[in-house]
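Both complexes below contain chain A, partnered by chain B and then by chain C.
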Partner chain A sequence: MSLAETLSEITRIPGVHGALVVSRDDGLVVADALMEGVEGDAVAALAASLAARMRGVTTALGQPEPVLLMLAGTDGTLLLAPGPSGLLLVAVAGSDVNVSELRLGVLAAAGTAF
Partner chain B sequence: MIPETIQALTAQLARDPGSLVFLPLAEGLRRRGQLESALTVAAAGAARYPEMAGAWDLIARIQSDRGEGDLAFDAWTTVLRLDADHIGAHKGLGFLCFRAGDHSRSLRYLQRAAELAPDDQALKSTLARVREITGARPVPGYASPATDPLRAMDSEPDQALLVDRQGRLLAGDLRDAEGRSAGEAVAAALTGVTREAERAARLLGLGSWRRISLEGGPAHFELRTPTIDSVLLLTRGRHVPAGRLGMLADRATAAARRWLEELR
Partner chain C sequence: MRAIERWVERPLETFLTESAARVTLLMTSSGQVVAQHGFTRSLDVMSAAALGAGILASTAELARIMGARPLDTVVHQGTAVGVYLAGFETPRGRWLGLVVFGQETSLGLVQLFFARLVSDLAQAAPAEAPARQVLAEDFEDELNSSLRTLFGR
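== the complex of A and B ==
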């Protein structure tokens, strides 16, 4: 399955505004499927930065990197799934998304993409 | 509170309308009996910080002083929606229900307040009086559940950490994979995480951020902000379901908020 197909599996979930594959080291977009108005570069940079910071927490505890990170806001959710190859799968969704469905979709897509 | 202090706080609020100084100012005005002014200041503060339980509690107390029981009831109900373990709201609602003659409801609120503040002797006496009036008797052998989440944290040590915005340790600890204390190292790693999350949430149109959940290998984590200048990290083994961890984090967040408010 191509990256584009993997991302479209996520964006098919109702309420999802976009999905991206991001390079963790420099926060650059590798592939994306975004709704109009979603700034891919901003999402990529912010997601990579947040993932790096949270990786610092698990590293301090001598634990492996998290498999999933979810930032929940009043109006939406950001999900990140780090991959082993220096990539990060990212999904942005509105508050109307089914978070459980999105979580499973992102984990499944990360398993396929990475 | 002396008039000079009121003046100073008023000037400070005028200079910085987003400041939390509205809390001591409105409280000071309330204590001086300037209820109209106190309500104006508190209401403006609550409008700016609609999710701050303390602001609504202040409004409720002012409205109660003004004899506006119904409005005070609404405000304390709002407090409990924001912080289900707010002692002041349980006490206030207990008092309002008692005044309205609804003794059994009053008993429920006061009982909950007493569970949350087991050392409050005045509350104990009030509760005993209300129990006497309602004819309620404690069930033999019944022990109140340990509801204070900070106590729950104590009973399962090294699984929660409270740090300030600069990454300085405030309470709790965490152990690393080797069983060594890792609180200071994790606190340092959390420095700036609030700003990062705020920035991400704002720029991505996610509104105000509420929590960060991490699903790890051996453990899961929940990150919350009990107050604007503190961060709480709670962890449990992966056998604890995510929903339950979220509830534990909610309770610990409410307890940490109270603890910080008391410290100040």
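== the complex of A and C ==
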């Protein structure tokens, strides 16, 4: 499955504002499918930073790296799925998204893509 | 962090906090160092300023030869540290920024917050003192003058 197809699997979920594949080391966008108004570069940089910090936390706790990170806000949700190949799958969704569906979609897409 | 002009301090402090950059140098295209963070010796600032300006000038010329649009940003990514070098416009004329960052941050974050620094500087810049013409022979004089101010000698 191509990266574009992977992103499409996520963006077809109602309430999703965009999805990105991000380079974990440098926080740059590798591929994206975003609605207008979503700042892809900013999301990529901050999501990679968040993933790196969470990796630091789990490492300090002697635990394996998480397979999914969810940041829930009042206006929306951010889901991150780190992959073993140095990539990170990121989904940006509004508050109206079905979080369970998004969670399954991101995990499935990350498993296929990475 | 030390700045020659006070209005630069707050935007630069914000950038340093957000980006976690190790070293930052802001200078005009004529060689005047406007602010620096992370340097302890004026000699290092002088070398970095001259080399950074040279690299950007080289890439600009390369772009001209290729018939491409000017290349405003150059990134050197190493295993331990990276260098982000960018030219940008301010109400005070064209400036250059040199940022050295380590593994505690990322190129994406540096790039993101540098763009915000450029925007913040544009908003914070006082209206007076329009940009004057840049002459190559002024570069060294301007550089030495600003280093004396920054390092007190």
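Convention: the second predicted complex is superposed on the first by the 114 of 114 C-alpha atoms of A that agree within 3 Å, B and C clash if a C-alpha of one lies under 4 Å from a C-alpha of the other, contacts with A are read in each partner's own complex, and residues count from 1 in each chain.
Keep this in mind: a contact is a pair of C-beta atoms (placed from the backbone, for glycine too) under 8 Å apart; a residue touches a chain by one contact, two chains touch by 3 or more.
If you're wondering where the values come from, they're calculated on a predicted model, not measured in any experiment.
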| item | value |
| --- | --- |
| Which of chain B and chain C A:G27 touches, first, second, both or neither | second |
| Residue contacts with chain A in the superposition, chain B compared against chain C | B |
| Contacts of A:T77 with chain B and chain C, given as first, second, both or neither | first |
| Chain B versus chain C as contact partner of A:A44, first or second or both or neither | second |
| Chain B versus chain C as contact partner of A:Q63, first or second or both or neither | first |
| Shared contact residues on chain A - chain B and chain C | 42, 46, 49 |
| Parts of chain C lying in touch with chain A, wherever the complex brings them together | 77, 105-109, 111-112 |
| Complex interface listing, chain A residues touching chain C | 22-23, 25-28, 41-42, 44-46, 48-49, 52 |
| Contacting residues of chain B [partner chain A, same complex] | 174-178, 182, 185-186, 188-190, 192-193, 196-197, 199-201, 203-219, 221, 233, 235 |
| Interface residues, chain A side, partner chain B - complex | 38-39, 42-43, 46-47, 49-50, 53-54, 56-78, 92, 95 |
